[in-house]
Structures are given as C-alpha cells and as structure tokens.
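There are two complexes below, and they share subunit A, which is joined by subunit B in the first and by subunit C in the second.
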Partner chain A sequence: MRGYVLRRLFQSVLVVWAVTSIMFLMFRVMPTDPTAMLMDRGMTEAARDKLLEDWGLTGSLWDQYVAYIGNLMRGDFGNSFFHRKPVWEVLGPLIVNTLWVAVPGLLLGAVLGSGLGVLVGWAPRGGKTERIGIFLATIIRGVPGFVIGIALLAVFSSALGWFPAFGMGSVDADQGASRYLTLDFLHHLALPLIAVAIYFLPENLLLMRSGVVENRTEDYVELVRAKGVSQSRVAWHTARNSLLPLITWLFPALAETIAGIVVVEIVFSWPGVGRELVLAVTRQDYPLTQSAFFLLAVMIVLANLAADLIYGKLDPRVVYK
Partner chain B sequence: MGALAKLNERLRAKPAAHMLVERLSIAYQTPRGPFRAVDDVSFEVAAGATLGLVGESGCGKSTVVKSLMGLLPEGTSVSGRALLNGTDILGLSERALSDVRWTKIALITQSAMNSLDPVYCIGDQITESILAHERVSKAVAWARAEQMFEIVGLPGSRLTEFPHQFSGGMRQRAVIAMALSLNAGLLLADEPTTALDPIMQDQIMSRIRSIHADMRRSMILVTHDIAVVAETCETIAVMYAGEVVEAGPTAQVLQNPRHPYTMGLQNAFPKLPVRGQSRMPLISIPGTVPNLLHPPVGCRFAGRCPFATDLCRSEAPAKLSNSISQSAACHYQDRASEFRAIAQKASTWRHKDG
Partner chain C sequence: MRLVMKDSFVAMGVAILLFFIVIATFATVLAPYGPYEVMMTEAGRLDRLARPSFEHPLGTTAYGNDVLSQFIHGSRVALIVGLVAAVAVGFVSTVFGVVAGYFGGLVDDVLMRITDVALSIPTLPFAIVAVSLLGPSVQNIILVISILFWRNGARIIRSAVLTERERIYVKWARAAGASHFHVILHHILPNIVRVIFLWITMSVAFAILAEASLSFLGLGDPTVISWGQMLNTAFSSGSLRTAWWWVVPPCIALTLLVSSLYLIGRGFEEQTNPRLRRY
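Take a look at the complex of A and B:
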C-alpha cells in the first residue's frame, strides 16, 4: 500500500512536470508580446528592454526554461506582469473565493444528485418517476453552464429580485476576512453556488441511477430483502455498490469541474481564480497563467490519486501492488 | 445470564413451522401475456419435516419458494393460500413481510457465488439479519454469528473476511449460517448445492442433514437432484411445467413412481454399476417443456410421454390436492406398474413421434 502510494506520487510529479513544461512552451510560442499592453501607454524602447530583462524574457528559451523550473522547485512562482506583485499574493485570496463557491456547490450537487439517483433507480422501470427523472437530468446535463447561470440571474435576480446579480458583497461591505461570515456575503454566494450544484447534479444522478438499476436485480439484493431489513436499508446496499463506479468518475470530474467553474465566475462576476485566469491569458501574464494552470494540473493529478485510494477503501476486492 | 445466552434461549424456543400450500398459482406478467410459471400447486410440510421439491430447471420450483418469501417481482399475479402455522402469508405488504422474513422463514439461496454483497464482510451481513429483528447489541449479534459459523464448520475469525476471500463451498456455508441466525421455523433451501463440485455438494448436504437433525426446523429443499431428495426428505413433490405431477412419501414415490415423468426423471440420473449386471444406461426424456405462455389443453407432459393417448392430449388429469399420501396427476395411474417396466428400456423414450 505504502509502496503504491509512493510510486503513484512519483508518477504524479512526472505528470505535473510534463504539463508545466508544455504550458511553458505554449505561452512562449504564442505570437504575441507580453509588453504590448504596456507599450500602448507610450513606453520607450529602452524601457521595454528593461522590462523584458526584469521579467526574465531576454535569454534563450532554454535558459528561460531552466530558470523557470529552478524557481518552481524553490517554490518561487514569480511576479505577475500585470499586478506587479508575487503570483501567490494575487491568487491566494482568489483561490479562497473560488473554494467558497466550488466546495459547497459540488458537494450539494453530488449529494443531491446521487440521492435522487437512488430514488429514480428504485422507481418502477418505465414508470413516470424514471422517465421524468432521466429526461430532466439529460436536458440539464446538456445545457451549458453559462445558460444555467443566466437563467438563474434572469429569474431570481432580475425578475424576482431575491438575489444580487453580481459580485461577492455590496459596495460598502467589509473587505477583511470577516466578510465571509456576513449575511451579505451568503446572499451573494447563493446563486453562483446553486448554479454549480445544478451544473454538477445531473451526471451524479444518472451514474447513480444506472448503478442502482444494475444492482437491484443482483442475487445479493434478493437475499438482503429476504432478511426482512427495511426498504431503505435494501436501497442503501445498492447505493453502496453503485458508489464504486461513481467515485471513479467523480474525483477526476471534480477537478475538471472546478476548472469549468470559470464560466459561473464570469456570469456572476465572482472574483475567483477562473475569472482571473481568463483575464491573465488575454494579458499575456505568463507567471500568473502558468501558475494557475500548474495549480489545476496538481489538483487533477491529486484527484485521480484520491479516487484510486478511496476506491480501495470502498471495494475490498481492490489490491494495491 | 448474559445477553447472548438470553438471545439464544429466546431463539431456541421458536417452534418448527407448519406450512400448508393450497392451490398456489403464479403468473409473471410479460409483454406477450401472463406466463403461468406455477399452476394450482398444493403441498404440506409438517412441523419439523422436510419436503423435497424436484423438477428440471424452469419447472417453477424456485418461483414457489420466492412467493413464500414475498420476493416475486411487482405485478406478478399470485392466487391460492400459503398458511404458515395457519396464517396466510401470500400478498402481505412489505411491512407485514418484514415480520415473516428471516424470523419465521429463512432462505438458503441458490448460487452462493452472487448472493452475498461483495462490499460488506460476511460478519456484517449475518449480524444485519439479526439486528433487523432482535434488540441486541452489535457485539451480541456478532457473537451469535460466530456460533452460527461454528455450526457450519467455519472458524469465527473469518467473519471479518469478504465474500471474494471465500471459496464457493465456504460461501455456501456462510449463507447457511446466515439462514440459521434467527432459528426460523421454516428453512427454504433453493438449490443449495447446484454451483458446487460433487464432493462439496455431498459435504454441504450432510451438513444440512445434521443441522436438520439437531435443530428440527421444517424445511423445503428445492433441487433438480433426485438423489439428494432420496437421502434428505421425508416427502417429495415432483414438479413439471408449473404443476406438481406426483407427490407423497419419498421412499414410496421413488420405489414405485406412478407418473411417467417421475419414471423418466429417475432414468436420467446415474446409478452405480452392480457387479454381474449390465451397466444401466442414462436415459434422457426427449422433447422440451411446453411454453407456459400458452400451456397445452391436456396433460402438460403428454407431448413427451411415451404412454400418452388422445385422452391425455385433450383433457388435463386432476390436480393433486396434497402431498401426504402418494398420488399422481396421471389418467393411467392404475397401469403404473406396467409402465414402470417399459419405462426402464431406453428404446421406450427414443420411439417418440414429434
């Protein structure tokens, strides 16, 4: 087990290194100039050269690469070209903002989705519950994230006026860490969180349902029923067994969905990593984009590892070698 | 007295059950109409006795067992009565069934390969059945499970293991231990040895026999193996195409079968060669079981019976009303001894037109 984890961690490092190198190269071959944004403001040639040197963009590609990897290994992600301060000072608070939307939203989507999946899975085959459940889940799954967001805004913000349309707090709101504990913040959080949950829910529902449908006719379910346990207990047995394929999908999907939350952040003008990442790409802010993608790569790799380890906990038949 | 001793005492006090099945008919709903899997079946299991339900696969014997536990798919139509100690248990609600399941009737399932949940350890699955019905602590239930494991010859320490760590024979024994956990008055054993090799079959069956001798539970043993019934059951009911065609005390029925199907069934099982005599050939019954979506008008066996007449093809013989004394659903019972002599010849079963 320990050997397995160590080996997987080593592989993970390799994957992250490969992703990082490809990202590095991709930004360098893009036919644009990161100083262009600043040149507009009437900067002299000399000032521009000085800037390029400061940013470490003057040496050969190889020298730049070696310097970049070396800095990464020391935990130095560089300074944002645009914000003119260390990348982590920029990203840190944004990560916190994103997590506020992502973690409860995804959790809500997964729990509600798999719960409904069990209900639909145990509904009579071909009946109303099954047909409506599958229909709605398939429709919602096909709807792009921004449409869900805009629909929520149109109904609950514009038409009903129940929730604010954008941002993380009112203009006069407190800007310190205590802002996260105010009702004003929760009020702003509600819609984006629900959007993430709705976005994530259908796939959970469909996967759980197909697992339960597959399991409910298994011999072991008949024996569990024969034992005279409650119906919810019988349903739990099928859910527990259906969790295995769900987990395999869930964790990698979780990481990808966090990357996809960028859409929700933009629709609701939520100051998170995703939104900043889009801006940083258009600004040619190498250190910021590379760091954000580095972060995503690490998250996806770790999510895969977590899925494999949790799978082993859930399924006694799995052996780690 | 400890909690475990109290539990054991309480469970030991349960009497063996009396089961009387009267005119049980079951039809599965299919897109092409009702499939009459069981038609007008009656039998009786005296308290502490064992009934063998025999027949080839698809004859409806497992369906009978499932109906007694309320395990038939929703929408299946069931008629008749199944009186467990005088109370009809057919058509009970799920809630009412939970008082019958495992406390009064326990099930030893077919193919123990898949009848255990792969993600729970065996001990959890046994204690689940105890905790669902008895107000005892998990520890007491576990201790009871250990005792049940001992009865079936498995070490209690292996309760923590998972189904995939057990061999087929061990899994079957674990399922038996589970069925014994609440000392239900009636045990339903649905092909308990079908998936096992002959040596393991024999071990499991002698285990079941010794448990039966010790605990004196009533039992319905479903099998296609006539030899197992001969060794284990006082009473036999032979099923064919959803009907009981012959029933009665096992020894009588097997020595002097009155229904041609029973005669044919006996021929289909190997007998050990006797020195000085010619080897008995295995004779199989030609033809196939009738389609139960549209059962034939007359005797259901007529299409395969070497003795069938026009009467057999046009009129169904009277159904059996009990399994206590030997009786057969055949128009020509009075000629049974004559048939028996002819039925032993292989040529009898080959000369069939259609």
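Take a look at the complex of A and C:
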C-alpha cells in the first residue's frame, strides 16, 4: 500500500513536470512576441534588456527553461504583466472564489443527480419514468454551460429580478474574509452555483442509473430481498454499490469543474481563476496565464490521485500492486 | 440501421442531426441575407435590434445583421468543426488504443504514460491558451480539439482491445502465421467498431461544445459566423438580457445539436453494454 502511494505520488510529480514543460514550450515557440505588450515605444535598448532580464527572457531556450523550472520549484511564479504584482497575489484570492462556486455546485449536482438516478434506476424497465428520466437527462446534458448561465440570468435575474446579474457582492460590500459570510455574497453566489449544479446533475443521474440497473439483478439483491427487506432498504444496498464509479468520477469532475467553470464565471462576471485566465489571455499577460494554467493542471493531478487512493479504500476488491 | 428503428431516442437524435445537416448544406440558399450584411431602415438608418418582423423573422442584431441568416450560417461551423475534429480524434484514439492494447508490455506502458499526461491537461483552459497563441481560426480550433480529446478515447479503445486480444481465434490466427497487421485489421478492429463509433459520436458533441465555448469567450474565428460567436456579440454589446430573439435561437440550436448526438451515443452504449440491456 505504502509503495503504491509513493509510486503514484512520484507519477503525479512527473505528470506535473510534463504538463509544465509543454506549457513552457507552447509559450516560447509561438510566433507572437510575448514582450510586445511590455515594450513602450521609444524605450532605450538598455531599458529593454533590463526588462527582458527581469522577466527571465534572456539566454538560450534551454537556459530559460532551467530558470523557469527553478523558479517554479522555489514557488516563484513571476509578476503579472498587467497587474504589475506577483502572480500569487492576483491568483490567491481568486482560487477561493472559484472553489466557492465549484465545490458546493458539484456536490449539489451530485446529490440531486444520484438521488434521481436511483429513482430512475429502480423504475420498471422500459416504463414511463425510465424513458422520461433518461430523455430529460440526455437533453440537459447537451446544454452548454454558458447557455445554462444565460437561461438562469434571463429568468431569475432579468424577468423575476430575484438575483443580481453579475459580480460577487454589492459595490459597498466588505473586501475582507468576512465578506464570504454575508447574505449579500450568498445572494450573488446562488445563480452561478445553481448553474454548475445543473451542469453536473444529468451525468450523475445517468451514471447512478446505469450502476443501479447493472446491480439490481445481482444475486445479493435477490438475497436481501428474500430476507424480506423493504424496497427502500434494497435500493439503498444497490445505491451503495453503484456509488463506486460515481466517486471515481467525482474527483476528476471537481478538477474539470474548476477548469470548465470558465464560461460560468464569464457569464456571471464572477471573479475567479477561469475568468482571470481569459482576461490574461486577451491582455497577453503570459506569466499570469501560465500560472493560472499550471494551477489548474496541479488541481487535476491531485484530484486524480485522490480518486485512485479513495477508490482502493472503498472497494476491497482493488488490490494495490 | 436496426438500432435506429428499434430505439426511438436514437431515431429522434438522427432526425435532429439530419435537420441541421440539411440547413448547413443549403445555408446559402436558405438564408435570406448574408451573415454580415448590414440592414438599413427605410429612413436610411442602421436597422439595429429590430424585433422579429416579416422581413427579419428573427429580428436584427445590435450591428444591424439579420439574426436568421447568421443563425443558418452558424450551423456550418458547428458541423464542420464537429465532424472534422471527431474523425481526427477517432483516428488518433484508435491508433493509440489499438497499438497500446494489442502489443501491451513496454509499448503499452509508454503510450499510457503519455495518455496520463494528456489527461492532466485542463481541457478548456488549454484550448483557450492554445487557440489564442496559434491565432483564432477554424483550422486551429479543430487542431486544438483533436489534441485534447484523443486521450479519453485511447483509454476506452485500449480496454476494448485488451479483451479482444485474448480471444481464441486471435491466438489461432497468430499461430497460423498471420501478421500483427492482419490480425488487427481482420480480427480486432471489426469487433471494436461499435466502441469506436460510440467514441466518434461523443467526440462530435465534445468538439461542438468546445468550439461554441471558445467562440462564446471571444476566441472564435472572426471571419466566419458561429452560434457561440452570436452569443458573444450579444453578450459584449450588452443585449444579452433584452434581445431575446438574438439570444434564444443559438442557445436552442446548440442544445438540440449536442443532445441529438448524446441521444445517438446512448443508443450505442445500451447496445455495447450487455448488462444494461433489457431482460
């Protein structure tokens, strides 16, 4: 077990290194000059060189690479071109904002989705409930994230006026950590969070339903049933067994949410990492772009690692090699 | 074909897909105006944000373009990106999956480690960065989508190959002196063709979603109109909440098109997984 964990950890580090290197190459090999945005007209040659050196853009590609990896390992991600301050200071608070939408949204979607999935899974095969459930889930699964966002905005913000349309708090809201505990914040959080939940609900429903359908004819279900246990208890037994694929799905899904939440953050003007990434790209602020991307990649690797380890804990059939 | 007849969901999916293919094929005939043609009112002013009327069944945009015409032309980008990217993705995943699964051992290890790295790349952020660096064009969007989605398919196809490889007739074919290439072509591929088709169908949906998201974020090809781009323009011009005639059509079209592919994909899935079949 210990050996397995260590090996998976080592593997994860390798993966992060590989993704980082791909990123580095992408930025340096591209035809566009990343420094164009930094350079003022009429800047002297000396000032230009000084600037390039500050940003670690001098020397051969290999030297730059070594310097880049070295800086990353020391936790130095450089300064944002646009904000003119360390990348971490920009991204740090944004991570929290993104997680505020992603985690509760995903969990809400997972809980509602798997609950409905159990219902649909136990419905008579070929019956109305099953057909309607599967049909709706498949259709909703096809709705792009930003369309969900736009629809929610149109109904609950424009038409009904129940929720604010953008941002994370009113203009006069506190800026400190306490802002996350105000009603105003929750009011702003509601729509983006619901958008994420709706986005993930159908996939959960379908996964859970497949699990239940596969399990409901197993021998252990017959046995439990023969013992005279009520239908809801039987459903609970199959649900627990169908949870396995769901949990392995949940962690990468969290990573994908954090990555895919970009469009939701844009629709609701929610100040998160994804929105900042899009802004950084359009401003050609490449230290910030690189770091935001690196951050998202690390989150995905960690999530996959967690999924593998937890799966082993939950399923005694898994043998670590 | 039998699948289409038997499963009404699949039939519905195919019908919707065909509908959009017809629209895209005859876009130039069906669209009343050019997608970027500027409309004028009789008074000679820019006819902006006009409500649906007889001349403009879906109204006009904030820049005086006919929404219906943009909508019809937009179907082309979605389908071209979807189909081309999906074929590329299907091809790469199949090569990767078959080689890794069939040969196993070191080849499998190396290819699967590459897949692991690819799987750790955050999808949409990578697409955003790559498209902005390469320059927003339909070709680059297709390229980036192909780079992104082969990885999941490679895994799925590999595991399908793993079970096929152990079949007795594969061993016999090898023992009878058939080459690896012959075995793959005649004994492995025909048996995993369903899995490959399922994967290609899903890839069309993923590719359409990815293109729409990129265009919505303002990273679409600026020279051709797409549904994502229509929404982007509506969003950035601040008409998202007022001009419903401009916003609703692309939203519904994207949903229908992607859902139709999922409906078709589900039919395949029920067929390939015997445990989900009805008893």
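One rule holds in what follows: the second predicted complex is superposed on the first by the 306 of 321 C-alpha atoms of A that agree within 3 Å, B and C clash if a C-alpha of one lies under 4 Å from a C-alpha of the other, contacts with A are read in each partner's own complex, and residues count from 1 in each chain.
Basically, a residue touches a chain if its C-beta (ideal position, glycine included) is under 8 Å from a C-beta of that chain, and two chains touch if they have at least 3 such contacts.
What you are looking at is a predicted structure, and each value in this text was computed from that prediction instead of being measured.
K.L.:
Do subunit B and subunit C fit side by side on subunit A after the overlay, or clash?
P.N.:
Aligned through their shared chain, the two binders fit side by side on subunit A.
K.L.:
Output check: A:L107 vs subunit B and subunit C. Expected answer is one of first, second, both, neither. What do you get?
P.N.:
Neither subunit B nor subunit C is touched by A:L107.
K.L.:
Could you look at A:D219 and tell me whether it touches subunit B, subunit C, both or neither (first, second, both, neither)?
P.N.:
It touches subunit B, and subunit C stays clear.
K.L.:
So, does A:S157 touch the first partner subunit B, the second partner subunit C, both, or neither?
P.N.:
In the superposition, A:S157 touches subunit C alone.
K.L.:
So if I put the vertex at the Cα centre of subunit A, how wide is the angle out to the Cα centres of subunit B and subunit C? Nearest 10 degrees is fine.
P.N.:
Result: 80 degrees at the vertex subunit A.
K.L.:
Regarding the shared-chain residue A:R141, is it in contact with subunit B (first), subunit C (second), both, or neither?
P.N.:
second
K.L.:
In this superposed model, does subunit C or subunit B come into contact with more residues of subunit A?
P.N.:
Answer, by number of touched residues of subunit A: C.
K.L.:
Have a look at where A:T289 lands relative to subunit B and subunit C in the superposition and call it first, second, both or neither.
P.N.:
In the superposition, A:T289 touches subunit C alone.
K.L.:
Look at A:L309 in the shared chain and tell me whether it touches subunit B only, subunit C only, both, or neither; answer first, second, both or neither.
P.N.:
neither
K.L.:
Under the stated touch criterion, which partner chain does A:I95 make contact with: subunit B (first), subunit C (second), both, or neither?
P.N.:
In the superposition, A:I95 touches no partner, neither subunit B nor subunit C.
K.L.:
Of the two partner chains, subunit B (first) and subunit C (second), which one does A:G228 touch, if any: first, second, both, or neither?
P.N.:
A:G228 contacts subunit B only, not subunit C.
K.L.:
Give one of first, second, both or neither to describe whether A:V301 is in contact with subunit B, with subunit C, with both, or with none.
P.N.:
second
K.L.:
Rounded to a whole Å, what is the shortest Cα gap between subunit B and subunit C in the overlaid structures?
P.N.:
10
K.L.:
Go through subunit A and flag every residue that touches subunit B in one model and subunit C in the other.
P.N.:
Dual-contact residues (subunit A): none.
K.L.:
Report the residues of subunit C in contact with subunit A in the complex, numbered from low to high.
P.N.:
Residues in contact with subunit A: 9, 113, 116-117, 119-126, 128-130, 132-134, 205, 209, 212-213, 216-219, 231, 235, 240-242, 244, 247, 251, 254-263, 266, 273, 275-276, 278-279.
K.L.:
Would you pull the subunit A residues touching subunit C in the complex into a rising list?
P.N.:
11, 14-16, 18-19, 22-23, 26-27, 30, 32, 125-126, 134-135, 138-139, 141-147, 150-151, 153-154, 157-158, 165, 210, 213-214, 217, 255-256, 258-260, 262-263, 266-267, 274, 277-278, 281-282, 289, 292-293, 296-297, 299-301, 304
K.L.:
Give every residue of subunit B touching subunit A within the complex, in rising order.
P.N.:
It comes out as residues 69, 71, 74, 94, 97-103, 106-107, 109-111, 113-121, 128-129, 132-133, 162, 164, 175, 178.
K.L.:
Mind listing the subunit A positions that touch subunit B in their complex?
P.N.:
Going through subunit A, the ones touching subunit B are 124, 218-220, 222-231, 233, 237, 240-241, 244, 314-317.
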